Structures are given as C-alpha cells and as structure tokens.
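Each of the two complexes below includes chain A, the first together with chain B, the second together with chain C.
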Partner chain A sequence: MRAFNAELSKLFSLPGIWLAFLIGAFAPAVITALDSIVQKEEIIAGVSTRLSEVGYIGLALGVQGVIILGVLAVSSEYLTESSESGGGAQITTSLTAVASRLHFLLAKAGAVTVISILLCIVAIMTTVSTTYLILGEYTPAFEWSRLIGAVCYWTFTALLALGITLLTKNGIIPLAVLMINSSVVSFSVLLYKVTKLALYLPDRAGLEMFMFTSDTPFTGSLFDRFHNPFTGGLIMFTWVVVIFIIAAIVFHRRDVAA
Partner chain B sequence: MLTMNNLVKHRGNQEILSGISFRARPGRVTGFLGPNGAGKSSTLRILLGLDRATSGSALINGKTFAELHNPLATVGAALDGFGAHRMRTGRAHLRWIARAAGLSNSRVEEVLKIVGLTNAADKRVGKYSLGMGRRLGMAAALLGDPKILILDEPVNGLDPEGIRWIRTFLRERAQSGNTVLLSSHLMGELAETVDDVVIIKHGTIVADGTLEEVIGNHSTLEKAFFALTSEHAGEVV
Partner chain C sequence: MSVSSSRKIMQIFGAELDKLITLPLIWLTLMSTFILNLALAAAFTSAGLQGTAGTQSILNIGLASMGYLQAGFIILGILATCSEYTGGQIRTTLTTIPWRGLQLSTKHLALAMITIPVAFIIAASGVLYTFIMIRDTAVVIEIDTIITTLIGATGYLTLTTLLSAAIGALLRRTTPALVVLLGYYFIVSPLMRIFLPGINKYLNYFPDTAGNYMYMPRSPDDINVLTPMQGTGISMLWTLMFITVAIVFYCKRDA
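On to the complex of A and B.
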C-alpha cells in the first residue's frame, strides 16, 4: 500500500502527467463534438448508419491520454540526468525505497489502473455532455455495459503502454507507436489486409467491448462485429497479462546499471 | 553491519569484481577507496539489490536487500547522480519517497533542514547545482533515519562548507553507533573522516583494515593508496 501511495505521489507531481489528464479528459469530447456536428443532419433525418457509435468514437480515438500516462509512469524512472550531475536516474531511488521489484511493479500498475479508470469516467462525463449539447433529444441512449467496456479499454491500453515501456526503458518509441496506432494508422487495420488474425490484436479486440455493435453478420469488413464484447475484452486482457509477465521477468533480472 | 562475501560480478566478458570480501561495522565510518572503474559503484549497487552478483553475497544485517521489510528505515543510500526526476521539485521528490516508507511530510521538512535545502525545496531538480543535487540525495538517504548509510562519492561536487558538513555529520552518525560506508577517490577528505579503510583495485581488495593499519609505514593515506593501487606498485612512493 505504501508503494502504491508513493507511485500515486510520483505521478501527480510529474508535470507531463497533467498533459495526459488534459488530453484524456477532453480529447474524446472534442472528437465526439466534431463527429456529432458532421452527423447531426443524418441523425435527425433518421438515416445515420453510425448512430450506435456516436460518442463512443471519441472514447475509442481519445485513448491517447492514458497512453501518455502508462508510458510516462515508466519512462520517468529511466530518464537520465545530465552527465554533469552524474548521469543517474530515478529508478535507483525507487528500487532502494521499495525492496521487492514485483511490489514496485504492482504498485505502479495499480496507480496507473486507478488513474486510468478515473480519467475514463471524467472523459465519459465530458463526452456524454457534449453529445447532449449538440444532438439534444436525438442523442442515442448510452448503455452502461458499453461505457464499462470503454473504461476497460482505457485501462488495458494504459497497462499495455506501461508494460511495453518497461521493456524499452525509453518512452519515445512506445509513445510514438501507440499514439499513431490508436489515432492515425492502426496497425491492426493494415495487418487485416493480410490476415484475419489482426482481429485478435489487442486494440482491435478491445474495441469490441464498446464499438462495432451492429448486429449484422460478419461480412468481412474490419468494422463489423467479430467477437462479442466479453470475448473482445478477454483477448485484450490476455495481451495485457502476457506482456506484463514478460516485462516483469525482464525487469526482475535486469541490472539497473545495464 | 554490512558483509560482502566473495562477490563476483561479470558483465559480458568482463570480470568487474573478482571475489571481494569485507565488512563495514557499526559505530565506524568505513571508507571504500579505489581508482575510477575499480568496482566501487558495482559493489555498492549489488549491496543495494540494484545489480545482481554473479556469485557471492552482500548482506545488510545478515539479510539481502530484497529481504528487508522497510528498506528506508534500515539503510539509506545515495548513489551516483541525484536519483531524482529533473521536472519534479526537491520537496515533491522527497515526499514520494516518504510515502514509500510510510513517513509524514513533516519528516521531509526535517531532512530538508538537515541538509540545508529548505530554501531550494520548491525549485525543480533540473535547476539544482551539483552540490544541491548531492544534498538532495543525502536528504533521501536520511528520510527513514536508518542505522546504515551507504554513500557513493558523497563529497563530489560539494563546496568546502558542504564537505566539512558531510565530514562532521558522518562522524556524528558513526559515534552514535550507526554504520557508514562511503566510497571515494579523494584521499585527503577520507583520511579525516574514516575509521576503517578498504581499498579495491581491478575488482580485488588490496587492503582492508583500520586507517592506521592501512597507512602502515607510509606517511599519509594518499601515499599508501598509490603504493597499493599504482600499476607499478612499489615504485611510486
């Protein structure tokens, strides 16, 4: 519990984290606002084909905030000080304050999980409010099960970011890859052109927890439902567990000086 | 009590430590001396559980570091650099460490005062001078009021006043029964601070004893050190 408190204290005192909070809390609302404005006429006319995605699209694309959170939680430990100051890093202090590396890691993952959940709840509030503000009475009802799915998606994404950064020790590569993947070019979309296995990648499978809810049978389009929400969540969670175990083993064996 | 038992460390094909054994006893300041790259930092890192020994053991009161229940209350350490994220303030840095040890924020203010950083506590660590960073490292080591202190080059970067402060402070710690192990390559400073001396060269211990024993027939610790560690030992006196 002490290690967990320490991790929370670390995260809240890091200026970069406020950027993660800002993006996490408002990016989904902004994306939703733009999407709703574009679709408003079709929705009012009752011809929108993407009615079920209103609002959720913001939560799917606005996951960047927790990616920054997960990456920074680890990369800040390894950020090297200037050579003038001896070139140390915070990780030495962290590991002399908490004797067990596993405890340290669980505390960090716990802190990231709690903050991700809270951040996603804030994002849901801003997103739902924005949708009501723009679409008024035409706003489709938000289902609890799908909103919980979005919270899980955010949390798992943050934990994946944390696990991957633990392996790379440096935040730049995971940050670039994960942010581009979740916004501009999705790796699973590209891979899907080659193989259907892409539907089992964590981001694509995880999205099924709250996206692609149309009941039409699977036609081969990447945007059709392939897994049910529970299976999708389970697949993503398995990815999280596997990457976390690999990262924990590597971290446990690694010399801090290496 | 700190006990090193036949520590061996390989990194790649290199043997960094080749079976070193020594002790640091309570009530004494033990100086760990050696040229750069001799293996001082590696030894301290293994002792603190940061690096793994290839074989042998490094024990703190008979336990490995990983077995310590509340490490900060047992052993305080200040290694190379500041050990802090440059974007955090000094006070925020000490506060998260205090959380990890279950200590209050008032303890943070106490150690800030002890090391003389109270006025700079709200500055970001990235803006600290080398001396201030070292003081911050000392503050972190002292937070849990541990009976054992492990310091890597503690006087590096300190101004004369800081060096005198460290010297007096460490002497007082030892006199009240605590164990202090410090590494350094500054002989003059060390001779006035330590009770016991361990000298390491190329990963092997070449001298281990009280200050008087190690100085032996030489006139100063510095001369003894060079006689023991010079590549042409015996020629340079």
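On to the complex of A and C.
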C-alpha cells in the first residue's frame, strides 16, 4: 500500500503527466465536438448513418493520453540524470526503497490503472456533455456497457504501454509506435488488408468493446464486427497479461544498471 | 587563436556532424525506419495485389508507406536537438562554440546532410520493392516521373526532419516534442481533413499537407491542389520559420 502511494506521488509529480491529463481529458471532447457538428448537419439533411457512434470516436482517439501516462511511468524511472547531478537513474533509488521487484511492478501497474480509470471517467464526462451541448435533442443514449468498454480499453492500453516500455526502457519507441497505432492511420488496419490475423491485435480487438461501427468515414467497410464486446475485451486482456508476464520476467532478471 | 570565419564554420560543421554520427539512437532509428518501411511496402504491395490489380501505379503503392515513414524522420529530428539537453551536453557545446545562432544553424545543416541521402535511399527502396513485386501487372511509368517523385519525397522527409529538429530545440525535451509532432501529423491533421471539409483549402497551407504535394501523384479531379513547386515553397517557408523562431529563442534563453 505504501509502495502504491509512493508510485501515485511519483506519477503526479512528473511534469509530463500534465500533458497526458490535458490530452486525455480534453482531446476526446474536442474530437467529439467536431464530429457532432458534422453529425448535426447530416441529421438536419436526413442522411445520418452513424449517429450511435458519436462520441465513441473521440474516446477511441483520446486514448493517447493514457499511452503517454503508461510510457512516462516507466521511462521516467530509467531517464539518466546529467553527469553533474551524479548520472544516476531514479530506478536504483526506487528499487532500494522497494526491494521486491514484483511488488514494485504491481504497485506501478496499480497506480497507472487507477489513474487511467479516473482519467477515462473524466473524459467520458466531458465527451458526453459536449455531445449534449451540441446535438441537443438528437443525442443518442449512452449505454453503460459501452462506456465500461471504453474504460477497459483505456486501462488496458495504459498497461500495454507500461509493459512495452519496461521491455525497451526507452520511451521514444513505444510512444511513437503506440501513438501512431491508435491514430487514424493505424498499422492494424493496414495489416488487416494483408491477413485476417490482424483482427487479434490488441488495439483492433479492444476497440470492439465499444465501437460498433461498420462504416466510418476513414476506415470504411474494413471495420466490420468480428468479435462481440466481451471476446474483444478478453483478447486485449490476454495481450496485456502476456506482455506483463514477459516484462515481469525480464525486469526480474535484468541488472538495473544494464 | 584567431581563425578565419570560413574555417570556423567548417570546424563547427564537422563537430556537429560528428556529434550526430556518434549518437547511437540515430542509427537505431534509421535502421528501424528502413526495415519498417520495407515491411510496410510489402504489406501495401500485397494489399494492392489482392485489390484491383493492374490499375494502380507503382509509385502510388511504393510511396503509400510515406505516411508512416515520416514518424521515423520526426524522431530523428527531435533526437538531434534534444540529445543536447539530456545530461548537460549543451553547456559543453556552448563553451566550445559560443556563437549560438551559428551553432544551431550548422546543426540543422549537418542534420540535412545526413537526412537527404538516407531519405532518398529509404524512399527509393520502397518504390524499388514494389516495382520488383508487381512489374508485370502495374502501369508502366517513365523513369523521369519516378526520379522527380523520389526527389520530392526526399525533400519532404528532409523538411519534416528539420521542422522536427526546430520544434525539438524549442521544447528541449524529447517526450513533449514527440507528442506534439506525432499528435499533429497523425491525429490532428487527418482528423481536420475528415471533419472539416470546408477548410480543406486552407489546410493546403499547413506544412504536412503542402509537403504531401511534393511527391503525391496528382489526381486531376481534385480542385484544391498545389503544384509540387508550390508545395515545396510552402513547407520550406514553414521549416525556415520554425528554425528562425528556434534560433531566436535559443539565443535569448538561458541554456
């Protein structure tokens, strides 16, 4: 519990984390606002086809915030300080204080999970209120199961980012790969054109937890449903567990300084 | 010791080039970009073969991976400037070279020297792979067109790298710079194109969209297109503007 508190305090005192909060809390709302404006015109013209999707697209893209959170949580530990202040890394201090590496890892994962759940709830609130504000009476009902799916998607993504960064130790590569992959031009969509196995990639499967769409403007008919929300979540969860086990083993065996 | 100014610039240039070449992360980035590009070209090619074979040109498929490729070059640019700030290297640099404006502009020059050949090789490798794979079915293109397009693509990647380097020098930290640039190139810009079709005409004047016209084969039915020359000019202006702002801040700010 004390390790958990320590991890929370470390995370909140990172300067980069405010960027993550800012993006996580407001990017979904902004994207939703833009989408809602387009939707409203379509509704008035009577050609709207994807009303039930409004808002969720913002949540799918706003996941950037928790990616930053997950990556920073680990990469900040490994950041070497300047030679003028000793050239040490925070990780040596952290592991001196919490000697059990497994406990350390669990505390960190717990802190990241809690923060990303809270962040997602904030994002859902801003997104839903934006939708009501712009669409007014046309607003579709937001189903709880889908919102919970979105929360799961955010949490799993944050944990994936954490696990991958633990393996690479450097924040740049996981940040770049995950950010691009959760964007509009995702690798998974491209791979899907080549092999159907891409459906089992974590982000693609995880999106099924709350995206019911089969025809969005940028993915088109590529985005048919293949799993039900529960299976999608299960596939993504399996990925998280596998990556975590690998990361835990590597972290346990690796020399801190290496 | 007094040194003539041309000799001084050459020395600074040599030092900057040396610093960039000895940065292990830069080689790692370039290698993985190269490999990733080939993998993506393979994916696009096989997707193109499954689709409407024979109608697509080699250039379209070979350069389709450019969208992803620029991420590698954005990282390259950011690394080049932000690496100075991890571990206080910047103070050593400024002690030996006390002319800040000169130092930062030579750094950009050295970065361009590295980027141009690498960007050309990487872009060409993608097109070459596609050419080998689908030369039987694809439409034949003249060699001149291919060369012009490749030069455009190289120019675009180089300008993107320099722009990222300037942003990196402004923000001085790797993570925020990376988030800002990747967020703009991969999320904000495509979303604006989808959600706000009304302002597409103005989007042409943003660095990434303008730069795209440097190598994109033009489709005649699109009205708001720029010529490759206009695109080059606009993205060059953006890059120069950011470099200037970065240099001004660099000169004013406490290191």
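A few notes on this one:
Methods note: the second predicted complex is superposed on the first by the 245 of 258 C-alpha atoms of A that agree within 3 Å, B and C clash if a C-alpha of one lies under 4 Å from a C-alpha of the other, contacts with A are read in each partner's own complex, and residues count from 1 in each chain.
Convention: contacts are C-beta pairs under 8 Å (C-beta built on N, C-alpha and C of every residue); 3 or more make two chains touch, one makes a residue touch a chain.
Computed from a predicted model, the values in this text were never measured in an experiment.
Judged by the touch definition given at the top, the superposed model places A:16 against both chain B and chain C. Once the two complexes are laid over each other on the shared chain, residue contacts for A:171 go to chain C alone; chain B is not touched. Once chain A of one complex is fitted onto chain A of the other, the partner contacts of A:96 are limited to chain B, with no touch recorded for chain C.
The interface of chain A with chain B overlaps its interface with chain C at residues 16, 79, 81-82, 84, 87.
Within the complex, the chain B residues that touch chain A are 11, 41-42, 45, 48-52, 65-69, 71-72, 75, 77, 79-89, 92-93, 95-97, 99-102, 126, 128, 130, 133, 140, 156. Listed in rising order, the residues of chain A touching chain B in the complex are 2-3, 5-10, 13-16, 76, 79, 81-82, 84-90, 92-93, 95-101, 253, 255-258. Contact residues of chain C toward chain A in the complex are 25, 32, 40, 43-44, 46-47, 50, 67-68, 71, 75, 79, 86-88, 173-176, 178-179, 182-183, 186-187, 190-191, 194-196. Considering their complex, residues 16, 19, 23, 31, 34-35, 37-38, 61, 64, 68, 71-72, 75, 79-84, 87, 170-173, 175-176, 179-180, 183-185, 187, 190-191, 193-194, 217-218 of chain A touch chain C.
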